[in-house]
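Please go over the structures that come below.
Below, chain A partners chain B and then partners chain C, in two separate complexes.
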Partner chain A sequence: MRRAWMKSFTRWPAVLNVANDMKQFYTFIRKEFAHVLRDRKTLLILFGLPIVQILIFGFALTNEVRNAKIVIYDQAQDVASQQLISKMAASRYFDIAYAVMNRAGIEAAFKKGDIRLAVIFPQGFNNDLLHTHHAQIQVIADAADPNTATTLTSYITAIIQDYMAAQEPYQITPQIRYLYNPQLKGATNFVPGVMALVLMLVCVMMTAVSIVREKEIGTMEVLLVSPFSPLMVIISKAVPYLLLSLINVTTILLLSTFVLQLPINGSIPLLFAESTLFIITCLTLGIFISVKTNSQQVAMLISLMGMMLPTILFSGFMFPVENMPLPLQLISNIVPSKWYYNIVKAIMIKGLGFSAIWKETLILAGITVVLLFVSFKSFKIRLS
Partner chain B sequence: MIRTDKLTKRFGDFIATNEITFEVEKGEIFGFLGANGAGKTTAMRMLCGLSIPSSGSATIAGFDVYKQTEQIKKNIGYMSQKFSLYEDLTVAENIRFFGGIYGLSNQQLKTKSQQLLHDLGLEKEAKKLVGSLPLGWKQKLSFSIAVLHDPKIVFLDEPTGGVDPITRRQFWNLIYDAADRGVTVFVTTHYMDEAEYCNRISIMVDGRIKALDTPRNLKNNFHAESMDEVFYALARSAKRSE
Partner chain C sequence: MRTIRFLLQKEFRQIFRNRSILVMVLVMPVMQLFILPLAANYEVKNINLAIIDNDHSSYSRQLISKITASGYFKLTGYVFNYKEAMHLIEQDKADLLLEIPHGFERDLVRENHEQLFVAVNAINGTKASLGGVYLNSVIREENSEIRLQLVAPTRFQSQPAVEIASSNWFNPYLDYHLFMVPGILAILVTMIGGFLTALNIVKEKEVGTIEQINVTPIKKHHFILGKLIPFWVLGNVVFTLGLIVARVAYGIVPVGNLFLLYGFISVYLLAVLGFGLLVSTYCDTQQQAMFIMFFFIMIFILMGGLFTSIDSMPDWAQVVTKFNPVSYLIEVMRMIVLKGSGIRDVLPKMGVILIFAFVLNTWAVINYKKTS
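On to the complex of A and B.
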């Protein structure tokens, strides 16, 4: 039985070849891992970067809204309004800068720029509460910085609700208006943006640099002369970075869930599947850059300028694409991170399923296929 | 082992290698000389299956350079002019990696790497990073790795650049050992004293082979005292530089 099996094995040299190829492939990947794990600096960038980014964006940008300056326009000047104002003043989130006497005063305060929020009590605030059990407060926030605006309005709402709870059965409805940016574009979480940025950086730059390094030190030639096929050389260079990037995605998601307390609303397997697709896109980009360049510095520069900048500019992560001139909007469509950013936002924040993002996925897959085709083609040309 | 017939490579109007024809026998040490830009590297790349010839024909170990590049790659070893081992891997890891991509089995790898380390006297350095070795040792290691999988032919592209004379001598002893085992050695060099070590040499000028013979015959034919004089006599006629 065993011999028959062996015989069939030798009768199929192709099978043997595959087994052999796998072994070579494994040898190669082990060597790639040795490179990465031995290079402390790269390792630090690889795993430190996402952590630092998440923490910087998480803490420096969103929580830094203590002692925000606000103005009060108290038309009521009664007991209830005074009680609420003193509660706001006592909060560590707010500093009451001054009181204004009319609407024009509010506008002037916002224009000066240091005021984040205005609270307006209507005339007869206390009376309304006493007679109808219901009153309104208007809250106007400067939403040029949408993250801060939403955070502040939620703090104000919390203070008002706190006051309400002590004054049952009175109802106070805060009416919130966002100044300058009523739809709060760009206010959605930065985590998808950081994910796109980190993956772009790690995959594109690291792959490009590691392939170009082999060109520089001359080992690429030796590899190309070996029976190991050029295609396999490239694939085995990319595989370790795919795995390391998936670890990065996991780190980011863990940090955002447990440190920043941003839950993942959608399907986690779907999120990982889409991330894998984007990682492959980035790896292909890295390969493309490495084919076109011959020095590590150039490869790094192109990766940084050519990949990171468009990601920051065009993904919609920092600047809303909708507000850009049409030519720039068109350009943004060929930036893969834009599509990935939208996909992650949809899954993580809006909790949507695949049916909502199949179009983006298809576009991303399309970009990847084109890039794969182009880079393998130019790789072949270089060989002949 | 190597047989070429009017092998030519053109890049647009530029003819890098112009109808070169030569044969190299099994176990021979064949020196491939020429000034920079004479077309040595292009010729060598074609012979290694890295570059497809524009015209002419060539067989390496009986395999055709147009159609059988895969078989050629399995039967040759290659050492480039740049030092080409991984400095951030240890000696043992480099041996295992390069042996591995040539498909050696674990058993073969084990015995061969032991043998190699023993021959080079590197047993104690097996776990050291290659980057920490002196250049001469790296070079010898690089050569030994290039012939680890017992290739029929080994191509050496200016293997001794930047190495001191004593190490060069030791390096050539390794080459002789390999040739004695029946490995055909195809070597390009700039050093004329090294040319004397070869069984036969060819000198390329402007993409053509201008002379091909044993060092002794070449010196006689050119009435020269040394290979240097032969080389300058030929290279003087060169029209193109780098």
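On to the complex of A and C.
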């Protein structure tokens, strides 16, 4: 790089040189834009992806368990059991699918896979309750999905106990308030995650693959022999994706505000500044991968397996990081999206200022600098 | 028949020649199956709890020790006012805060009724609702104990009580790996099969070798079959590796019939590979194919019921999942591996997948043009 610069320095007066470089840089960026804009199908996906993700996460996916199908095996058929059944039917957590007539029916229903819970009332349920003051209800959960099973069992327990305890003395009632997300919407958790995911995808994968593509086809050779600094060639490749990503951030924020009704509680300029930082981190990551690989398929597999999955796994938006074994928790610290996810959560949902996230910002900046340094170190002007 | 044999020979040679891809295809899924279930642990435990005890009575202390002894909660802060507790939540040091009001014990005894204040950090909905549920059940238990202390039960006065005997079938220890591993294996097989087929044909387009095939008298369906069979074999190999990892690392042995499992996977792979082929016939560059594939696979995974249950989705989304092959595979994997469902339970789903496979492959054959 230095030699190229020195050469042009001896040939041109310094001022003219800078102006000329700027013009070349501009031309290169225009070329890259032409590349990106020409491929309509990819472009469509790039802009469609965040929209579809936001809509799916916002409307289709909920962590809440509701409308779980249950079956009831009512051997008692008396007043108490009927009252309880109608209470269960009224709950929005349960849908009574059908009544079964024997135990074998329960097993068959589970194996067919369409029910989650079975409630069995014993014979003479009301009778036992009135005369011995003690009766038993059996609840069987499909624990193939452990969390749903636990939740449903505790919901059904609550319904039964509420029914029984309505008239008892000395009640302690916990009043539960859900902070930040009173309706327990999935979106609150997912929107910051989707932002990290989409930026990661656009920046890392697109940059890496598009640089490696030029290597594979052979046009990289042409670019590198041009008088323009090879580093600038690479950097100009990243610029269009920076812009695309900013557009994507805007789309996601607009959608989440106006379609998902999820307001931005913190400062918007701060959010954009932090997003730009994260985008730059991702772009350097993409450049790093492209420097290290020579085939599109390998670059793609690395960015997919090495970047996308860790983003989904370790950023904490799908699975709680604190549940993971210690080595994985340590690994999660070098995943940039984890820090970005925390930043977005703090600004957007909790409405906190810069003082709450300076540490995360510093770490992201640090990762970027290290990546830049390493990729510039291993960047070779000559191919093979 | 001979044409296909030669085509197969060519494809297998190409697959085995590219070592780095082959290693990735075989090693990546194995590694992921080792790591992913460890990471994808949605079991809610260690909920960080901050407590504000304004009462300092014997009941409040009893309640607190009961909560900490339950095993779900980790007491991270014992603070003196709401503001401090909120600060802990803002820093993500606490997920839940419990405020015991002043005069808790006195009011409970005198007025028969008292409230507790609980605030949950609900950004993560699952953790919040499960945490609330757990706390609720601990409080309810404590409540009935206090009630016993206050009202001496006599045989004739006692309120009728219902005992709830709950049991967890198919996964009695509520092991989360048992739930995730079959699902993750389903996703891995889908990704490997779909991406490789889609990229493979497009690569021939990009490099230009497809022209050479196009000028030969190879029939369209021969060509498509020649591409399908190697990846079908590869998909089955990956699936077998996955089952071995599930057995060795997590001790998961399919309860149901192994032949049924392989039968379903074989049909399913036809559908997924068909989808990959279809995408590749519409694309010109690997980058394009990769993105389009990624777009659909992402939707398939999200709408497949791996992380969130399909029952909880709104009706329109449940209709969408009916057109999602991945949702059938995840469901069937869990049915056969965990519940030991038989052929009669699986057959309707297998039929749907067969229709998918037929439609997608026919579409791909029709859309593949030998002349550009």
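Operating definition for what follows: the second predicted complex is superposed on the first by the 240 of 384 C-alpha atoms of A that agree within 3 Å, B and C clash if a C-alpha of one lies under 4 Å from a C-alpha of the other, contacts with A are read in each partner's own complex, and residues count from 1 in each chain.
Just so it is clear, a residue touches a chain if its C-beta (ideal position, glycine included) is under 8 Å from a C-beta of that chain, and two chains touch if they have at least 3 such contacts.
The structure displayed is predicted, hence computed values, not measured ones.
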>> Just checking: does A:134 make contact with chain B only, chain C only, both, or neither of them? Give me first, second, both or neither.
In response: second
>> Applying the document's definition of touch, where does A:288 land relative to chain B and chain C: first, second, both, or neither?
In response: neither
> Which partner, once the models are overlaid, touches more of chain A's residues, chain C or chain B?
Replying inline: C
>> Going by the contact rule set out at the top, does A:223 touch chain B (first), chain C (second), both, or neither?
In response: first
> Which partner does A:39 reach: the first (chain B), the second (chain C), both, or neither?
Replying inline: both
> With the two structures laid over each other on chain A, which partner does A:209 touch: chain B (first), chain C (second), both, or neither?
Replying inline: second
> After superposition on the shared chain, which partner residues are touched by A:341: those of chain B (first), chain C (second), both, or neither?
Replying inline: neither
> After superposition on the shared chain, which partner residues are touched by A:379: those of chain B (first), chain C (second), both, or neither?
Replying inline: neither
>> Need the overlap of the two footprints on chain A, from chain B and from chain C, as residue ranges.
In response: 39
> Which bits of chain A are touching chain C when the two form their complex?
Replying inline: 39, 41-42, 45-46, 48-49, 52-53, 56-57, 59-69, 110-113, 116, 129-130, 133-151, 153-158, 160-161, 164-165, 167-182, 184-186, 188-189, 201, 205-206, 209-210, 213, 295-298, 300-301, 304-305, 309, 313-314, 318-320, 322-325, 328, 342, 345, 349-350, 352, 356
> Quick one: in the complex, what on chain C touches chain A?
Replying inline: 20-21, 24, 28, 32, 35-36, 38-46, 89-92, 108-109, 112-130, 132-137, 139-140, 142-143, 146-147, 150-151, 158-172, 174-176, 178-179, 195, 199, 203, 282-283, 285-288, 290-292, 294-295, 298-299, 302-303, 307-309, 311-314, 317, 320, 331, 334-335, 338-342, 345
> For the complex, which residues does chain B have touching chain A?
Replying inline: 48-52, 70, 73-74, 76, 78-89, 93, 96-98, 100-103, 146, 155
> Of all residues in chain A, which touch chain B in the complex?
Replying inline: 20, 23-24, 27-28, 30-31, 34-35, 38-39, 217-219, 221-228, 383-384
